[in-house]
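Shared between the two complexes below is chain A, which pairs with chain B and chain C, respectively.
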Partner chain A sequence: MTNLAPPRAGRDPVKVAARSAHARGRFRSRDYVGLLYAAPTAVIVGVLFIAPLALIGWMSLNKWPLLGPAHLNAPDNYVKIADDPLFVDSVLFTLKYTVIITVLLSAVALGLALLVQNRRPGIAFFRTAFFLPGAVGFAAAALLFYGMLNPEFGPLGFMDVKWIGTPNMALFSTIALVLWRFAGFNMLILLTGLQAIPVEVYEAARSDGANRWQIFTRITLPLLRPTIALMLILSVTGSLLAFDQFFIFTNGGPDNSTVSMVMVIYRNAFFRFDLGGAAALSVVLLVALVALNALQLRVLRGGNK
Partner chain B sequence: MAKRFSAALAAGLLVTALAACGSTEETPAASGSAPAPDTGTTVTMWTRAATQAQSQRLVDAYNASHKNQVKLTVIPIDNYQPRIAAAAGAGQLPDIFAADVIFVPNYTSQGLYLDITDRIAQLPFKDSLAASHMKLGTYEGKMYTLPHTLDLSVWFWNKDLYEKAGLDPEKGPTTLKEFAEQATTVQEKLGKDGKVHGTFFGGNCGGCYVFTFWPSVWAAGGQVMDELGTKSLVNQSPMTDVFAIYKDMYDRGLSGPTTKEEQGATWTGFFPKGEIGVMPMPSTTLGGMPADMNIGVAPIAGPDGGESTFVGGDSVGISATTKNADAAWDFLTWTVSDEAQVEVMAKNKDVLARTDLSNNKYSAADPRVVLINSLVAKGQTPYAPRFGQTFNDPQGPWLRFAREAVFGDPAKLAELNVAVEKSLVQ
Partner chain C sequence: MRRTASYSGMSALAVLFLFPLVWSGWSSLKGQAGSGQATGFGFGNYTRMAGFGEGLATYLTNSLLVSVMTVTGTLVVSALGGYAFARFSFPGKNLLFLATLAILMVPYATILIPLYVLLAQIGLQNSLVGLSLVFIMFQLPFALYMMRNSFEAVPRELDESAMVDGCNTFRAFISILLPAVRPGLVTVGLFAFLASWNDFLAPLILLNDGASFPLPVAVWSMTQRTFGAIDYGMLEAGVMVMAIPCLLLFTVLQRYYVRGFMSGALRG
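Moving on, here comes the complex of A and B:
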């Protein structure tokens, strides 16, 4: 196969270096134009990402009141994190939630994707139906479930089940909400991966006598690996940053059993007006997320080589 | 060519940046030295959903009779505190904002309100403004707020259900124990099919406990905190006695099935449906009750008697960062004027911000309103600088405490009270 590809020009490193040195002399102004083309993006990234990030870092080193001047108190905001039992509990809870939701969401999404993978009459209806909950805003979806499962006013209230009344039921109901809302979206991601697998590979496997299970484990899953990696990273990051579902649907209850990390950050900032402490928590969470994603990418990519 | 292009682009960016800077500085009709108050200025105002009806009526009446216009934004109750905090942090508070009176000490200590001591001193009726609201709006000797709405907790009983249950419909409870007895009768006589319940309360809502349980403590001559709002007394009698009575009612199934889960958004929704015999309710809901429902109103009592109420509601002040202080003050003074108080507030059965007007042509028509007005002087508004994060926040220590007291194990309360105290002095 490789010998069919045309030899690529200019891959010789010496030649490339020589050429760009030449270009630097002659087309210097072109470089500036290039920079200018990149400038709008750079400005947006700078204003919307780098600047807030730097501000958060700076806030986390200060006692930062709502109004008036801040003053440096580093590293108090970081030291007191360990003293906050609510945050420590929320870390454990968020990790537990992330594991459960990632496993279930992947399984359900993969199942749905396999169901609607092949073109057959009426398949568009099912694809749309599975994806449709993803078109509902997440906050709206959480409110929808809150209303639907309300024991007094909701249509499912007659079932006499305390949907958000006990810690386990509250977690269960939230997971149901998240699955309903996100399974279709993850299905779509997997579907694009599934359809990128060439039909010839399947045909070859079938003519070699592979059964359905073998095709699934030996062909579909390995070739789907990059797509699954993308879905896992989105799911893990999204779950660790979970907020809407717990804030709106369970309100952290009952008895603080469903308080996620971001809820603690929110509480510190906007109920306790401790903006510096909230910024410190955000920085810790950010560092943890970056590390986790780096690790995940490494593990998931590692197998491809 | 490229140079010219880059220069043009740079200039373009610069203009955009300048425009962006300019827009944050821009405010409508920035007031220099004392402009005439009624010149068609638009002032912005925020209020929380709980007292939306009252705020809206005041704003509508003001806008109809003035050139200045008030633009009211109503924010859901749960989000109000965070929205104020976020806006203050970003320097984007509205000209006027109302706040739950118990949060006011925190806001004044954070410097969110403009000092209006001198302006208040010029009001002829300054001594008749609701005392509890004025006290909480005073910080280090300076005054920052006016009373906006008053919302008192009282007991409502459903006379129709009382009659069906064989109780005297004209005789409401005068002690918390009687309250429990009457709830028991309603439950036993009418609660068989699960539609009607003896009583109800917001069991997963810190603010609801504060608003509806604490007056029983005050009525019994007790306290929930010390004067400074830094020491908790909720693990002592009479608070524990009050909890015990409610716990007993819950354990005997007198309270609606969703009591334990009620987060506060719907707790006042059951009584108007005619499903509850007797329960604590906010006085502001009286005007909106179904016209064909016969409702009795009683002061909240302690286990063995007494009378008290939580003098809640909203205070209103001018934000420290406003550019329209004079126009904002014009609206604020109008809201406590005779005209607004009688023709807007009293007409709709609301409690008045001024005690000198409590006997007016409207209140006389409904003895329940006279009763509610009379409670303003008997009730209390608790003061604590860290009130919200301790008592209202769903993740705060008080909700854990109260739920343990009503649904759990009272033996754990000593430990949970430590968390309450810690939060109060944070």
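Moving on, here comes the complex of A and C:
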């Protein structure tokens, strides 16, 4: 398959470059042509992904101020993580937020998906309506809610509620914001799974006399398992990395009650000018999330078979 | 009966989901004492926003520049890379593919700190080019995967017969293959645009000068006034300027969006 094109000397710089390498290796010239096409990818991945990944490990072992020279101080950055009460609190808060959001978001998304799964007149409008908030950027959505839930400016002023004034209300309002922004997105994920279930399966169940509830619990849910698992992975990782909603919408308040883990990383780096400390926190978060991702992927793959 | 119930349920939900968008648009135009639009309805908030901070024109230009560079860069890199992965074998092929997909495994927020240091070292501190390069990197797993699959779906006979006719691999790529994978390119471009236009954390960390802020950070800074009241009318006008291009693009290109969804665009 690879020997169809007779190289024309001087016409293809790619091939000319490759030919000099030809004599050396076990790869033929065409293989080096492939390498040239893949080179931009390799450069981007190498410089902007692999290098920072190595750098973050190195930074976490150094006292690394925002300005000025760095010097080795391992393992101080890791040791002091446990002494940072704001970080410890942020871990607990982020975990709590993740559990609440994942449960609510899944339930709402599943409800919406079941509501719009069948083709019928006007259904495209409803699907689009539920998804449309997902087309708006998350930062824009957070700013929208910031204005909308302002007691003086927003339309809910008559309710006399301080939407972000107390820790519980701030969390509640953030959950409303995230549900609004992401329910349709998750609905779309579930819809792709629902539509992959063959109609024959439903027909067979119905002819066997199964009622709606039995069809839902015995057929829809089990067959939807891989899709639900994917949705859960996205929701859990997304929530553990929460930043915009708390930084923009509640600004961590009131009284630091809504400070997420990524916000602490940001604060250490750019308010305390301690990049080394921020890097150590990042490494901890990174290792935890990669482990969690690997675990969830295994579960997901198990569900596929 | 059941049908009526479900339609009224869906309509109520649709109102709930659309209300904030409609309210935001309405309140950006509505008059409010002390805002750019004192009474009645009009574009007063928008004209006032034009003079906010470094000026709307600056922020809009920054956002457009970043989006254009990100979309172009992502398309070029992922099209070339997708071609390489679909049609060639080369040393390190599997390793590079795995390394690219590994970007999905690593939480985005955690590598922005080293990227901040690294970009400064290569002279791209506070640079829109640097920011765009970072966005391209974050888009690459999805984009490369999408483009590889798109190229693989094109029958090999098509480009091979062109090469028999004397085209080199690059000519075959440009004139035969690229037109064949256009839907894939549109999907990749759409996701790259939405990500780069809307992202908040990366510009917040990587840019440190108000004159280089894109819209999300600039509009956020309206809420960060140390004295004086926040101008909420102008804030919602800012939200609209950010949201409207996305809503329009999404409505027009919905098909491509859903297509990206089906093929694993899920990690944005």
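One rule holds in what follows: the second predicted complex is superposed on the first by the 257 of 305 C-alpha atoms of A that agree within 3 Å, B and C clash if a C-alpha of one lies under 4 Å from a C-alpha of the other, contacts with A are read in each partner's own complex, and residues count from 1 in each chain.
We take it that contacts are C-beta pairs under 8 Å (C-beta built on N, C-alpha and C of every residue); 3 or more make two chains touch, one makes a residue touch a chain.
As the structure is a computational prediction, the values presented were derived from the model and not from experiment.
Of the two partner chains placed by the overlay, only chain B lies in contact with A:162; chain C stays clear of it. Of the two partner chains placed around the shared chain by superposition, chain B is the only one that A:65 touches, whereas chain C remains out of contact.
After superposition on the shared chain, chain A has more residues touched by C, the comparison being chain B against chain C. Of the two partner chains, chain B and chain C are each touched by A:32. Applying the stated contact rule after C-alpha superposition, one finds that A:290 touches chain C and leaves chain B untouched.
In the superposition on chain A, A:228 makes contact with neither chain B nor chain C. In the superposed model, A:44 lies in contact with chain C only, and not with chain B.
Judged by the touch definition given at the top, the superposed model places A:132 against chain C, while chain B stays out of reach. Shared-chain residue A:153: touches chain B and chain C both.
In the superposition on chain A, A:55 makes contact with chain C only, while chain B stays out of contact range.
The residues of chain A shared by its contacts with chain B and with chain C are 30, 32-33, 36, 150, 153, 266, 269-270, 275. On the side of chain A, the complex with chain B involves touching residues 29-30, 32-33, 36, 39, 43, 65-68, 86, 150-153, 160, 162, 164-165, 251-256, 259, 263-264, 266-267, 269-273, 275. Per the touch definition, chain C reaches chain A in the complex via residues 6-7, 9-10, 13-14, 17-18, 20-21, 23-24, 27, 32, 76-78, 80-81, 83-85, 87-93, 96, 99-100, 102-103, 105-111, 113-118, 133-134, 136-137, 140, 144, 156, 160, 163-164, 166-170, 173, 194, 197-201, 204-205, 216, 219-220, 223, 232-233, 235-236, 238-239, 242-243, 246-247, 249-251, 254, 258, 261-262, 266-267. Only residues 2-3, 5-6, 9, 13, 81-82, 85-86, 88-89, 91, 106, 110-112, 204, 256-258, 260-261, 263, 266, 269-270, 320-321, 388-389, 393-396, 400, 403, 426 of chain B touch chain A when the two sit together in their complex. Those residues of chain A that touch chain C in the complex are listed here as 1, 4-5, 7-8, 11-12, 14-15, 25, 27, 30-38, 40-42, 44-45, 47-53, 55-56, 59, 64, 112, 115-116, 122, 125-126, 128-130, 132-133, 135-140, 143-148, 150, 153, 155, 180, 183-184, 188-189, 192, 230, 234, 237, 240-241, 243-244, 247-248, 262, 265-266, 269-270, 275, 278-279, 282-283, 285-286, 289-290, 293-294.
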